[in-house]
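Look at the two complexes coming up: subunit A is in both, with subunit B in one and subunit C in the other.
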Partner chain A sequence: MKFRCERDLLADALATAGRAATGRTGTLPVLSGLRLELVGDKLTVTGTDLELTIQLEIEVGGERDGGVVLPARLAADIVRSLSAGKVEVSVDGDDVSIAGGRSQFAVRPLSLDDYPRLAAPASSAVTLPSGEVGEALRQVVRAASTDEARPILTGVLLTAEAEGLRMVATDSYRLAVRDLPGASVLGADQKVLVPGRALSELQRLVGHASELTLRLGERDATFEVGNTRLTTRLIEGEFPNYRQLIPASYPNKLTVARESLMEAIRRVKILARDATPIRLQMSADSLRLTAITQDVGNAVEELDAVLEGTELTVAFNPDYFAAGVEAVGGDEVTLETLDALKPAVLRGVGRPEYLYLLMPVRVP
Partner chain B sequence: MRLVIARCTVDYNGRLSAHLPEAIRLIMVKADGCVAIHADGGAYKPLNWMNAPNTIIDNGDHWVVTNPKGEQLIITLLEVIHEAAHELGDDPGLQKDGVEAHLQVLLAASPDAIEPGLVLVRREYPTAIGPIDLVCRDGQGQVVAVEVKRRGDIDGVEQLARYIERLHLDSSLGAVRGVFVAQVVKPQAKVLAEARGFRWVEVDYDELRGLKADDLTLF
Partner chain C sequence: MTNHAPRRTILHVDMDAFYVSVELLSRPELVGRPVVVGGTGPRGVVAAASYEARRFGVYSAMPGSTARRLCPTAVFLPGNHDLYVRVSRQVHEIFRETTPFIEPLSLDEAFLDVTGARRLLGDGATIGRHIRERVASVLGLSCSVGVAPNKFLAKLASVAAKPRVTPERVLPGFGVFEVVPGREIEFLHPLPVQALWGVGPATLERLQRLGVKTVGDLNALGEVSLVSALGRASGRHLFALSCAHDERAVETDRAMKSIGHEETFARDLHESGELRTELVRLSDGVASRLRGAGVGARTLTLKVRFAGFTTITRSTTLASPVATAAAIISAVDPLLANVDPTPGVRLIGVHASNFGEPVEQLRFDDLLAQTLAQTPDNETPDNETSHPASTDWTEATVAIDAIRQRFGDTAIGPASTMSATGLRLVRRGAQQWGPDHDREQPKRG
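Entry: the complex of A and B
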């Protein structure tokens, strides 16, 4: 195998595919590598940990077809470190030569034969607007758990609704629900659970593309954005019945300017150390935020707000609360509450497609 | 443990020849006879070393370290800057996974977390191929072998299979079934466990430790 390529193009491809290669290789050390396969002028770079696979195709100046598996991190570090311009990669005997400018590296490859064969994605494809999907992912993935001890909660539920597609994620402390009206990806009543980690990676990829293609298999989902294909295993298991967590109505509804609230949270959070909760004291025409860290100090900020219902004080984990306010979007945000110990709902005014349900924190 | 910081050169004669030119280095001679020469950098790997058993001949200005294969390390001391010897005693060994060991203790105290009605018979149940993490009896009196891992992969399932094979040799135990327990059971391990006829259970370490008791959660 031998090809020439612009440094930045190859460095980006190695970095992107490298996010799926794993450091925890267990019984298959080759998974710490990236497979490079050259056919003509088309170089395919693949990284996988068997759960998540990222594959890119880039145009290079091909000289000799072939394949090789390079240690992912090492190859990315080398290519990134080369001076700008052309990089030449070739397999020379037992080593892979990576050269650019006046630098030359020889790297011992991993076994190509050990690299797993990856299944072809499902043939039926659905095209989605990547901007809207990217925004939905930004709003929902944040609520998925990262605790591998609860694998079901590390996934984002994609479920078919009458109006289109719904995305749901929860880590048991908060729940994010986003509707994508008009997006028909799934069959009636069909639902799949996609790992949040894979969707975080997808979020990075959809940034500049206009369209996203989804191919759903029985056990995996493949997303295609431009020249990049991301395949993830689906999570098996029953997602919690999230509908029963959302009350039909709330007696109290506070409306407040979102940007002012964001800034106030940022300031007050300085004194909400070690996950100390932020207290929200809601009255008819104001919202008072308070954070107290024992032996350190306290912070208080008051905002204009409109409350319909009963005056109430409720406390939240400051990071989860800030994430919710940031996610809802819009100029104004509403916070609907039942009481100080029941889940509250954040929504953007005029944005019915998204809700963020948040469990309060018990405070003395 | 003998520690010598010295300006030295080192020559190795064995499967290949290697030479370390004159520089200041740390020479470690361990109680078991291992010799390692370290530079002032790198986390763990010496520049050169010779595993025990070795014969060390100290000729004052140069040492000759020879192993049973006849390979030699010749350390020429040009200037000794520091020398010390310390008795370190027996090492308790590296405790690779405190969580796994703690999980085993917690589950032994609450086998109900694995499945309702389970009663512990013995922790670290001895077999000829090593101890089984937990041996319990279920509500019907059937013996249940439990393998506990932090991350459950296929190696752990195979280990459980080997243990159950051993238990089946003891007819007094009757039929034995297996349960594979981990914080996270990998998909491949789930498939293999089910194929072997074992149950697999994922447990929450924090919950077992009682860390989540005070948090309000949605479900």
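Entry: the complex of A and C
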């Protein structure tokens, strides 16, 4: 194998695919590498940890077809560090030579034979507007759990709802539900559970393109954005019945300007160390935020707000609350509550497609 | 290095053959005979041996079977942990007459920072002698006291203060031994290198290859050589100790960094259900101590040791600190569900750390119950796994603490820890001789 390529193009490809290669040298060391395959002028770069696969195709100046597995981290570090301009990569006996400018590296490759064969994605494809999907991912993925002890909650549920697509995620402290009307990807009763980690990688990719293609297989889902293809295993199991968590009605509804609320949280949070809760004291025409950290100090900020219902104080984890206010969008946000120990719901005014349900923190 | 802080005076008080001595208070006929507490069940290890038994080479943590072989004439007692806890509390009351800065290491040893008490009560050795006299006159027990400018030397000093055992007889010790400030090196350097905290069998072997026998030899190697031989952390740590440097403070229960309970089983457990019962018991004990210290914990760690001695730990960090048994259980239960018990489990432990004000991040409880029930390898029936994690346990917990305060720890506990003979609750230090003592009563005498 031998090819030439612009440094930036190759560096980006190695970095992107490298995000799926595993950092751990576990049972299959070859997974810490990236597979490069050259056919004509087309170079395919693949990284996988068997759960998540990221594959890119880039145009290069091909000279000799072939394949090789390079240590992902090392290869990316080398290419990024070369001086700008052309990079030449060639298999040279036992080593892979990476050269650019007046620098020359020889790297021992990993075993190409050990690299897993990856299944071809399903043939039936659906095309989605990537802008809207990107926004929905941003709003939902944040609520998925990262705790591997509860694998089901590390997934984002994609389900058919109201002639569209619905995305749902929860880490058992908060729940995010987002509807994408008109995006019919799934059959009437079809549901899939996509790992949150894969979707946050997808979120990084969708920024650049206008269209996103989804191919759903039996056990995996493939997303195609521009020259990049991301395949992830689906999580098996039943997502909890999230509907029962959303109370039918709330007696109290607070409306407040979103931007000023976000700024107030940002300030008050300085005194909310770690997970110290922020207390929200709601009265008829104001909202008072308080954070107290023992032996450190406290912060208070008062905002104009409108409360329909009874006065109430609720405490939230500052990060979860800030993430919700940020996610709902819109100029104004509503916070609906039952009492200090029941789930509260955040929505953006005029944004019916998204809700963020949050459990309070019990404070002494 | 300049140090502007006043020189500290630390005491390490170590009860002499504590469990045995407590037993002998009520069995004076056994005084002067080899007596062993613990070591009675199939897995039992010796919890304590009288100095007479030590003449035969019997030591604590030795398997009971070995102890019996070495000293067939010894009297083996099953141990009465509740009694030791009570006596230990009385010992601590005496400590508290001197200083509030007490760090208990176990029921029978503790560090005391008496820096502030010197002006009132005299120097460290005087305070040490006073404590010894009080413990002897009030409780009829003897202890050895090490006095030094830091914890590490104080612990070594108490060893030097201990009675000495030869195969022929037991020689009385100094009772109080002081490492005089300025003469730390003189005391420390002739000691064998094993005296340093952190020198285990592997490190010892490496050091021996370098010709290191004493702490002085190790010090002479210098920090650079030690770091290259043992790694950065270990090398620096040991070098600092060999210079008699140890800045660690005496940590009272409130300032502790972690609270945990472990249990070694009499036989290996193979079923998730059994393990879960133990988990509930341990979590309950940890929760009780967290509340006692007025803190909540964000990080919970499950420790599992398999029959082959492989040990794994699994941790989870919660959004906010918790201090109720229900919250701890719902955090560690999924960790246990991912452990395959079929090879046989010898020990499990629950540890809490990362402390903060005990606020509780509530969860969607029904949702949690569902996902727990679905976790693979979880053989317990659904109704048992559905913890009402965020139902109101606060008031119930307050009531539990009040009942325990008034009627003792075994007056109330989780239903799954109930057996025909009553509640089996976790007690601090109870794992030291395995759970054999209340099930298999050995013959006495």
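Methods note: the second predicted complex is superposed on the first by the 363 of 364 C-alpha atoms of A that agree within 3 Å, B and C clash if a C-alpha of one lies under 4 Å from a C-alpha of the other, contacts with A are read in each partner's own complex, and residues count from 1 in each chain.
Here is the rule we go by: a residue touches a chain if its C-beta (ideal position, glycine included) is under 8 Å from a C-beta of that chain, and two chains touch if they have at least 3 such contacts.
These figures come from a predicted structure and were not determined experimentally.
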Quick check for you: in the superposed arrangement, does A:R362 touch first (subunit B), second (subunit C), both or neither? both
With the two structures laid over each other on chain A, which partner does A:V39 touch: subunit B (first), subunit C (second), both, or neither? neither
Figure out whether A:A106 sits in contact with subunit B (first) or subunit C (second), or with both, or with neither. neither
With the two complexes superposed on chain A, say which partner A:Y320 touches: subunit B (first), subunit C (second), both, or neither. second
First (subunit B), second (subunit C), both or neither: which does A:R233 touch? first
Per the contact definition in the header, classify A:P343: touching subunit B only (first), subunit C only (second), both, or neither. both
Which holds for A:S172: it touches subunit B only (first), subunit C only (second), both, or neither? both
Which chain makes contact with more of the residues of subunit A, subunit B or else subunit C? C
Both subunit B and subunit C touch subunit A; at which residues? 149-150, 170, 172-173, 175, 240, 245, 341, 343, 359-362
Please give the residue numbers of subunit C that touch subunit A in the complex, ascending. 298, 314, 316, 319-321, 334-335, 337-338, 356-364, 366-368, 370-372, 374-375, 390, 392, 394
Considering only the defined contacts, which subunit A positions touch subunit C in the complex? 147, 149-150, 152-153, 170, 172-173, 175, 237-238, 240-242, 244-245, 274-277, 294, 315, 317, 320, 341, 343, 359-364
Of subunit A, residues touching subunit B in the complex: 26-27, 51, 148-151, 170, 172-175, 233, 236, 240, 245, 341, 343, 357, 359-362
Sites on subunit B touched by subunit A in the complex: 153-155, 183-184, 187, 202-206, 214-219
